[in-house]
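Take a look at the structures listed below.
Shared between the two complexes below is subunit A, which has subunit B as its partner in the first and subunit C in the second.
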Partner chain A sequence: MTATIKSNLPVFVVIMPLFVAFVLPTFARRIRLVEGLVTATTALGFLGAGYLASLILIQNGNPINYSLGGWSAPWGIEIQVSNLSCFFLLMVAGVSLPIALFAADNMTHEVGGPQQTTRFYALYLLLGGALAGMAVTSDLFNVFVLVEVATLSCCGLVSSSNHPWASEAAFNYLILATLGSALILGGIGFLYIITGHLNMEFASHELNRVWQGYPHVVWIAASFLLVGFGVKSALFPLHVWLPDAHSAAPSPASAILSGLAVKGYAICLIKVLYNVFGIALIQDFGIHRILTLLGMIAIIAGSVFALTQDKLKRRLAFSTVAQVGYIFLGLGLANSQSLTGMLFHMASHAVIKSGLFLAAGAIIATTGKNRISEMAGVGRKMPITMAVFTICSVSLVGIPLFSGFVGKWHLLLGSLEAGNRLAQAVIIVGSVLCAAYLFPIIRVAYFEPTPVADCRDPGLPQMIALIMLAAWVIILGVVPGPFLELAKRAAIDLLVMK
Partner chain B sequence: MRDFILKRVAALLLPFIQMYGLYVILHGHVSPGGSFAGGIVVGLAFIAFTTIYGLERGRAKVPEKVTTLVESYGTLWYGMMGMVGVFKGAPFLANKMAGIDLGELGALSSGGLIGLIGLGVGIRVASTMITLFFTMMEEEP
Partner chain C sequence: MTDLVLALASGAAGGILIALMPRAGDRLRNIVALIFSAAGTLFSWRVAGAVFAGRTIRISGEIAGLAWSLHPDPLGAVFGLIVSTLWLFAGVYSFGYMAEEQKQRTYYTYFLLAFSVTLGVAFSGNLLALYLFYELLTFATYPLVIHERNSEAMKAGSKYIIYSLSGAGAILIAIIIVYSWTGNLDFTGGPLLADCGLRPGLGWVLALFVAGFGVKAAIMPLHRWLPAAMCAPTPVSALLHAVAVVYSGVYGIVRVVYSVFGHELAGQLHLSHILPWVAAFTILVGVIIATQQDVLKRRLAYHTVSQLSYILLGAFTLHPWGLAGAICHMISYSTLKVTLFFGAGIIAKGTGKVRVSEMSGVGWQLPRTMAAFGIASLGMIGMLPLNTFWSKYYLMRGSVAMGKWQLALVLIASGLINAFCFIPTVVAAFAEKGEQPVLEKGSAMGLMLAPTLLLAGIALLIGLWPGLVWPGVDAVVNWFF
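Entry: the complex of A and B
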């Protein structure tokens, strides 16, 4: 029994949330059972991801390959658990568990009755399953299918809100995301035309052998994939859907959308660029320069836009645009330090932004106010929520002993190694701007004299979720050990592949 | 609607449309078509019934409870069929490797689990079509 579970774990972490999501609507009458099932599924996913990660660490990064249906690689669909997959799986599971806990018992005012809440949870698990699938898949067409599942669940999550603009935001998102999906499908199609393989390893091998015969097709494929995944992961000029969608969604949905969903597409882009095109081809084509430039613009522009927002959730959403810039910057610098930093920053931002959005959700739910200027004195009335918010803010700025520092430090080392002075300056200016848009919120909440009428910290499950996320932030900052090791190995894998 | 001809023709044709849909679903693994196309034909029969005989009678045929159940468990059925391989000690979705007799090539009973998986997909697609249609019909203008 245990041996069966162990050998099938790579596929179980993907299908378990998917199938639980499908049966959830039949339990709509018993909302407690639904909440229990969702929490149990995410907790089991966390255990599974932890087990796979420890297995990979023990095996020295030797990937686990799993052939669906028993058909091996070039013919069948292959699942590959590598260092990168484990890293992302742990990230997904570690963040979706506290978000599920936070959502429990708290969705009525943001989503509606038990029927709507159940649908929300079903979409939440679908998104979780799709993200886990993105982590482990090594098949190009599967990437497209999972991207579609994730996109449609994201749109559903945004539109599930009671917020008056939610439908409009979700519709905007749907239109742009569909454009992105079409481009991704086109890019994968062009790759398939010249390689004849959908399996990443085989496609990469073939592509590096024949690409000189079809330089234009490879160009088109690369640009389609870059723009497609760029729209979905909200790379700066293509981010227009994100602030509306992420600020209109219910808070747990904002947390998972900002924390994990955009990173899922980034992971897909990393897999396609580094595992299929390969580092040599990226540098031949100069794709890394485009990525670096766009990343730098995103950091500055996202931060400046965030500075001008007065609505709390919109400010956090623009901050996501800036942090996605760091991911693309690390991707573009393309050395082992910068890739390590990029991966670690991805994980720490997932934890931090989930914490920030959940804390913001708790504040907005109890005070009913969503503007930063109206939040005077919240810190004294809701001490624990605001403490979590402060810890997360400080970490996002990148102060030592918090998780944000480790990622930014490695990014900085990577830019030193690449000799890119501009990137060094942008990373530091980005941190300063980050402090400039997050610290005023803390100042208003703690030091403004007028206290808000009456509000207090949310219930026990919400508190556990918030404290769990704050604990992740501190653990990742103080003892990044095994997690950083996993990120380093994943970065080296990406660079030496083939 | 009081259209005598339309109602009579529908009453004559709809059973055959449904039969055809079920035929396409069940023969998905041995002939062109498949469970997705067949499921759409079955769903279309219900949609045609509703447009001709009215929303109430259509809803009475397939209440929301039924579509929810079929949608959920149709997908779960797919998962269970995939798990057969796991219980037999083979990978997820394994068919011949799980020791299932694939039968004679081209026969309806051939293909092992593929026909059964197709059945789950077919009823799910049919019920999704119906749900989409009713969602649009029952929505306030």
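Entry: the complex of A and C
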């Protein structure tokens, strides 16, 4: 039994949450059981991801190839667990576990009765499964399928909130995301037309052999994919759906949407760009310059928009737009340091933003106030929640000892290596702006004189979730050890042509 | 090594302890604060003693794969001595000054935390540790700046954070460039960039470092946060905005020039001919603006801006005499400026007067305070019985030895303007003898007066017997030359 599970683990981590998601509605009447199942599934996913990561680390990054149904590539569908996959799997599992814990006590309050809660959890697990799938897949069509699954469950998660404006936000999101999906499908189609393969490795091989014959098709495919994934991962100026969607969703959903879902599409883009097109082609076509430029614009614009928001969750949502900019900037600088920094920043932002959204959710749920200007005195009434919020904010600004610093350090080294002075300046200005939009919240919560009416820290499971995320932030900032090693190896993998 | 850990831990432990005692009375809290500041002072003295005795104290480790180390050298030891000694004085003064204020728990918590962080800046042995403590200092002192919680304080606090973080950003870029050149951030084993030689971009790195640390060192035009931050309680203005925080910027610049670049490499850069003039500009403009201010604390703030550049001027001469002058001035100026601020605080508490134009006759109400204030004012001119005479002497000698005798003229001119800055106030304070009663009574007043008088006495003592601080200055100069 264990041997079967071990050898099939690469597919197990994807299938398990999907399977549980479909079983879940049958237990809708017993909400405690549903919550327990979800927590157990995410915990198991965490163990599986940890096991796979340790396996890969021991193998010095030799990928594990798994052929679905025993059909080997290029005929069958292949799953590949590489450094990058393990990195992303760990990130997904490490963040979705505390979010599931947090949701356990909170959901009925935010979405309504047990029926709706179960639906929320089913969507939550579907999204988790899709993200795990994005981590391990090495098949272009599977990428599209997983992107669709993720998109639809994201829309469902946004609309599950019982606020009246949630369905409007979800509808906007659906329209734009569907457009994005169509573009992605088109891009994949064009690639298939030229190469005749859907397996990434084979497609990449073929593409690099024949692309000179079809430069325009390659251009179209690249631009379709860039815009498609750009819409989904909220790259400025394609971010317009994000602030509404992420602020209208229930807080645990905001956390997973901002923390993980956006990153999932980014990982798909990374795979398509670096594993299919390859670094040489990216540089020939100058795609990396576009990515760098868009990234820099996103950092500045997202931060400036965040500054002007008074609603707490909207400010955090715009902050995500800015942080996505860092990911694209690192992607565009295209050297091992910048890619390491980009991956690490992705993970640290996933943890940080989940922590921020969950803390914000706890504050909004207990005080009923969602504007920053009304939060005076929250720091004294909810010390642990606000402490977690503070740790996450300081980390996002990039102070040493916290995870944000490690990512930014490598990004800065990367921009130095690329000889891009402007990028350095933008990274620093982004940090200062980040302080400018996050610290006022902390100041109001701790140092404004009028205390809010009676409110307390949330219950134990939610506290554990918050403390867990804060602990991740500090562990990643002080002793990232194997995790940073995975990011470094993944970055080198991306730059090596196969 | 235990001394180093205990010196750094005392303040933090005291701060956390006070934060955890929400119901404690003022007296108990003051006793805890006193014990922990005294412990921090004692242990940093022991660390400094060991450093001057030539022993190596080093603690190192890794954060996320990057090495950090604490490794005080003579410069760090001198900075640590100044800071820890004055912290004790400011602590005692606070007991008097803050007696009737609100939010004392927050105040003492961050007052003690900032102590630890400042010592961390002093004792850091590589750029990462220096950067970390320099950043933390901003956050540890922010609650002290906004102590009054009114809109003016909040604005000042935001200004302080934004200025400091932007400066830290510039420093981070410079650190990254140094790291990419050397793969190392440790500056205790000789100048870090000594082996790099003259290479393109070196001047930019120095400029980034100077601009970054220059924010806290209040080099014009990066000084705007400092006058705004004067809305903090007086002990904070005295200790942090005249000494600890601003000195961390000055210290950073001296550190970068002598430990990262080394005086030989720095001397080969074109920038090193410009920087003394930047300092000279700040010296003159700062003190001229100071004479225009009517609010006493703002006048003192602009005066701080001017005086900090004396130290920088000395460091930028890249000459042993100049550096000796800079270190001397670090010691001398801090005692005098804290005396001036303490005096201003006593005047404000005793009579409620904060403007220079209202000061006439104050001297008869607060005779001992104004006497100390007068002594410190004389010191700011650089008169002989006071300690600043010696620092100015070495600063001028350094400027001349460097071949820039014009800088010596700037120092003389600044001394004259300094006379206009404070002496008329002191004269006016003793001008008309009215029938006002003497206000220097009561335990709170006593707690404020004692450190003020003691510091004025120390300034006089160093002035009469400069051999008292000379071994420290000598050790720093020998360390770098």
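As a convention for this text, the second predicted complex is superposed on the first by the 498 of 498 C-alpha atoms of A that agree within 3 Å, B and C clash if a C-alpha of one lies under 4 Å from a C-alpha of the other, contacts with A are read in each partner's own complex, and residues count from 1 in each chain.
Quick note on the criterion: a contact is a pair of C-beta atoms (placed from the backbone, for glycine too) under 8 Å apart; a residue touches a chain by one contact, two chains touch by 3 or more.
These figures come from a predicted structure and were not determined experimentally.
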| item | value |
| --- | --- |
| When subunit B and subunit C are modelled together on subunit A, clash or fit | fit |
| Touching partner for A:4 - first (subunit B), second (subunit C), both, neither | first |
| Touching partner for A:70 - first (subunit B), second (subunit C), both, neither | first |
| Partner chain(s) touched by A:422 [first = subunit B, second = subunit C, both, neither] | neither |
| Residue contacts with subunit A in the superposition, subunit B compared against subunit C | C |
| First, second, both or neither for A:23, with subunit B first and subunit C second | first |
| Which of subunit B and subunit C A:447 touches, first, second, both or neither | second |
| First, second, both or neither for A:15, with subunit B first and subunit C second | first |
| Three-chain overlay, closest Cα atoms of subunit B and subunit C, distance in Å | 39 |
| Footprint overlap on subunit A, where subunit B in one structure and subunit C in the other make contact | none |
| Residues of subunit C touching subunit A in the complex | 63-66, 128, 131-132, 135-136, 139, 143, 146, 149, 154, 157-158, 161-162, 165-166, 169-170, 172-173, 176-177, 179-180 |
| Touch list for subunit B against partner subunit A, complex | 68-69, 71-73, 75-76, 79, 82, 85-87, 89-97 |
| Residue ranges of subunit A in contact with subunit B within the complex | 4, 8, 11, 15, 18-19, 22-26, 28, 66-70 |
| Footprint of subunit C on subunit A - complex, ascending | 394, 397, 399-401, 405-406, 409, 412-413, 416-417, 424-425, 428-429, 431-432, 435-436, 439-440, 443, 446-449, 476-480, 484 |
